[in-house]
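There are two complexes below, and they share chain A, which is joined by chain B in the first and by chain C in the second.
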Partner chain A sequence: MSVLFVLLAGLTLGAAWAAVTLRNLVHAALCLIGSLAGLGLIYIQLDAEFLGLAQILVYVGAVAILIVFAVMLVRGTEPLVGRLSTSPWLGGAITVLLAALLLWAVSKSPRLRAPTPPAPTVTVKAIGQQLTRDYVVPLQGIGLLLTAATLGAALIALPRRGSNPPSTPP
Partner chain B sequence: MNTLDQLPETLKDHVVGVFPAGLQPWISALLAIGALCAIFPALFALTTVLERKILGRIQNRPGPNRVGPAGFLQFAADGIKSLTKEDIVPRNADRLLHFLAPLVVVIPPLLAFSVLPIGRNLVALDLPETGLLFFFAVGASVEVGVFMAGWSGGNKYSLLGAMRALAQLISYELPLILSALTVVMLTGSLSLVAMVEKQSAVQVAGLHAWNLFTPWGVVGFLIFLTAAAAEANRSPFDLPEAESEIIAGYFTEYSGFKFALFFLGEYLGLFAVCGLGITLFLGGWLPPFTWLNWIPSWLWFFGKLGALIFFFIWLRGTLPRLRMDQLMQFAWTFLLPLTLINAFVAGLWHFTADWNVLFRWALSAGLLAAAYVALSRPFARAFPRRTYRFAP
Partner chain C sequence: MSPLSACLVLSCLLFACGLGAVLIRRNAIVVLIGIELMLNAANLNFVAFWRYGPNPEALTGLMFALFALAIAAAEAAVGLALIIAVYRRHRSSDVDAADELRG
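Up next, the complex of A and B:
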């Protein structure tokens, strides 16, 4: 483990922890952005440049902005008062169980016992060919799903028939 | 010719050679970073003066002409003024975010300069697999800074400005990236260095094969320029900071040097996106003709950069500001479909490489012209030609 990895992992985990526990919604959203960006930096540190930069472009550039936009549009940004969780013990128990299950499943994986293969050199071209040849059906399926979601959002946003028309100057 | 062309590289090699071998990679990196952090802010200082002088010329007034020879030291006066001003932080402000926002706005454009090939062999960070992606990923972080600035001030006008800015940045990022995609398709690489090399092929009469000299290149470049103006908050897309409507938009609550940092970040963003446009469509550091090779390559890059900056200043002096709904309608109903059709035409251009040149040109240009006419019809109906009648 290099120093850089420890720093980046600390940034990612710390920001994720802060995103869950901070009481101010905007601070939480910004910490979530920090956590997502830290994950992208870890990908880059692991020599997966394309994946890391795509992660930053998509999550920091688009998804995070949608989140803060929703925060600005939908609700006030006064800090939350009162308890963060209705039943912290139940939540904690579920978290521990889930983590134990994941750890158990990972430790059972045959991949762990196989010798580490040499790091493959994946070019962007190879990723593109995989996406447009072997995985073209899943890719198009996701595209269809996203289009349907966009259409649904537009449908909800359309003014309803019979409701008050926007005020027109006399 | 060759010595002058490679002058920055040889200078750097000489300086690096002085240090012991263990330090050399670090010194080399530091020199590249230092040069980028010096040249582009210096260009910013020059541009602020030139912009005010050119706008003054357009509006028939002298512009700044008191400080230094012909007013050219005005930037120093402005810099000292902003350093000595009081740094006011509103009582309701979120102090930490208020402090961080100017930094988050300034650093990404400085990072983005590192992947731009400024001259032959002159690129600070050559990413052969992901150069263009790095540029856009870094550019996307500016949006976070804009939101932080607009929200942390605790001011309605700055929040409005931030919302306008985010809506605009998201809407125009799509045409920007998709118009750059056409070049990626034709180059077959995300490396900015490879894109310039691809354009260095020679056509008739020593003309370099700039991407601008193709039908999809012309349309792509115009779309790129439009989207770049919107991304850099330049007029006519300067709604996020419209002085006459919402004072200064997302940085209303900033004063002194923090205000100057926003100003700096905005101009650096403009330079970066102009530099990318030059690399993608205007042949990067290449001259238009091979017989102009005796002019150093980095001079070509900065010459083109200066021309584009002048173009944007000219635009600012000419066009009025758009309305928010016009801005959105233009992006989603005109620019985006045209960009997609342009990507299709670029693909067609790639697969018809062995056709008759004239027929290939006519087919591509005809398709694009038809798309332009069809897409602009709703605008012609919505904005009929105005006739003005003057009192006799």
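Up next, the complex of A and C:
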């Protein structure tokens, strides 16, 4: 466990904690971006350079913009106060219990103490060959899914004509 | 602590952050942020087990994480469109506002 990993893990966790606790939605979105970028750097540190760059491209580039746009479109009339759910103590208890269970399982598992294998050499060429040879059907499926999701998102977010006209500002 | 268990502990804490946001907060966008955090925690597990597992040359964990990334992007797009649609109808991004189907 290197110093770099500890630093990146601290950045990721701190930003994630801030993202779920901050009241201001814009700050929460920015902290989420920081957390996901830190995770991308951790992927790079784990010798998965392509995946790390893809993570930064997809999350910091695309999903972050989507979330900021949604905050902008939704926030209009609301105060910047995030209210809690009807039973926050139950939710907190479930969260803490699950985290404790997972941490206990990780600390008890004997197989995690295996020696670290040498770093694999992963080239983008090898990833491309795998994608177009063994994973070509899932790749096409992902393409179809992304097209359908884009069309569906546009359809869902379109205003219904005549049923519920948006209030026009004076 | 071995590198693999360090990754697993980080992933577990990230997942707990996301789950807490989904269960405790009421704003729909914060709930979506929590879901993204949970998806990314699972992805970190795939990458960690691929890197420190017995056969990293097969690239299976990497491929799974890559596909999960694409699916998470599609999920974010549809989720945010749903939030905007619900907001347009109820004038609120509170997840408790949309309760017409409650029995």
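Following the convention adopted for this analysis, the second predicted complex is superposed on the first by the 123 of 170 C-alpha atoms of A that agree within 3 Å, B and C clash if a C-alpha of one lies under 4 Å from a C-alpha of the other, contacts with A are read in each partner's own complex, and residues count from 1 in each chain.
One rule holds for everything that comes next: a contact is a pair of C-beta atoms (placed from the backbone, for glycine too) under 8 Å apart; a residue touches a chain by one contact, two chains touch by 3 or more.
None of the values given here were measured: they were computed from a predicted structure.
Student: Output check: A:35 vs chain B and chain C. Expected answer is one of first, second, both, neither. What do you get?
Tutor: second
Student: Report for A:124: first if it touches chain B alone, second if chain C alone, otherwise both or neither.
Tutor: In the superposed model, A:124 contacts chain B only, not chain C.
Student: Which partner does A:26 contact after superposing on A: first (chain B), second (chain C), both, neither?
Tutor: A:26 contacts chain B only, not chain C.
Student: Where does A:4 make contact in the superposed view: on chain B (first), on chain C (second), on both, or on neither?
Tutor: neither
Student: Between chain B (first) and chain C (second), which, if any, makes contact with A:68: first, second, both or neither?
Tutor: In the superposed model, A:68 contacts chain B only, not chain C.
Student: Check the residue A:136 against both partner chains and state whether it touches chain B (first), chain C (second), both, or neither.
Tutor: A:136 sits against neither chain B nor chain C.
Student: Applying the touch criterion given at the start, work out whether A:144 contacts chain B, chain C, both or neither, answering first, second, both or neither.
Tutor: neither
Student: Determine, under the contact definition given at the top, whether A:54 touches first (chain B), second (chain C), both, or neither.
Tutor: A:54 sits against chain B and chain C alike.
Student: Who touches more of chain A, chain B or chain C?
Tutor: Partner with more touched residues of chain A: C.
Student: Identify the overlap between the chain B-contacting and the chain C-contacting residues of chain A.
Tutor: Common to the two interfaces on chain A: residues 50, 54, 62, 69, 73, 77.
Student: Which of the residues in chain A end up touching chain C in this complex?
Tutor: Within the complex, chain A touches chain C at residues 1, 5, 9, 12-13, 16-17, 19-20, 25, 28-29, 32, 35-36, 39, 42-43, 46-48, 50-51, 54-55, 58-59, 62-63, 66-67, 69-71, 73-75, 77-78, 82-86, 88, 90-92, 94-96, 98-99, 102-103, 106-107, 109, 112-114, 116-117, 120, 122, 126-127, 130-131, 135, 138, 142, 145-146, 149-150, 152-154, 156-157, 159, 164, 166.
Student: Name, in rising order, each residue of chain B that touches chain A in their complex.
Tutor: 94, 97, 127, 129-130, 133-134, 136-141, 143-144, 147-148, 151, 159, 162-163, 166-167, 169-170, 173, 188-190
Student: Any idea which chain C residues touch chain A in the complex?
Tutor: 1-10, 12-21, 23-30, 32-34, 36-37, 40, 43-44, 47-48, 50-54, 56-57, 59, 62-63, 65-67, 69-78, 80-85, 87-89, 91-94, 96
Student: Would you tell me which residues of chain A are touching chain B in their complex?
Tutor: Interface residues on the chain A side: 26-27, 30, 33, 37, 40, 49-50, 53-54, 56-57, 60-62, 64-65, 68-69, 72-73, 77, 123-125.
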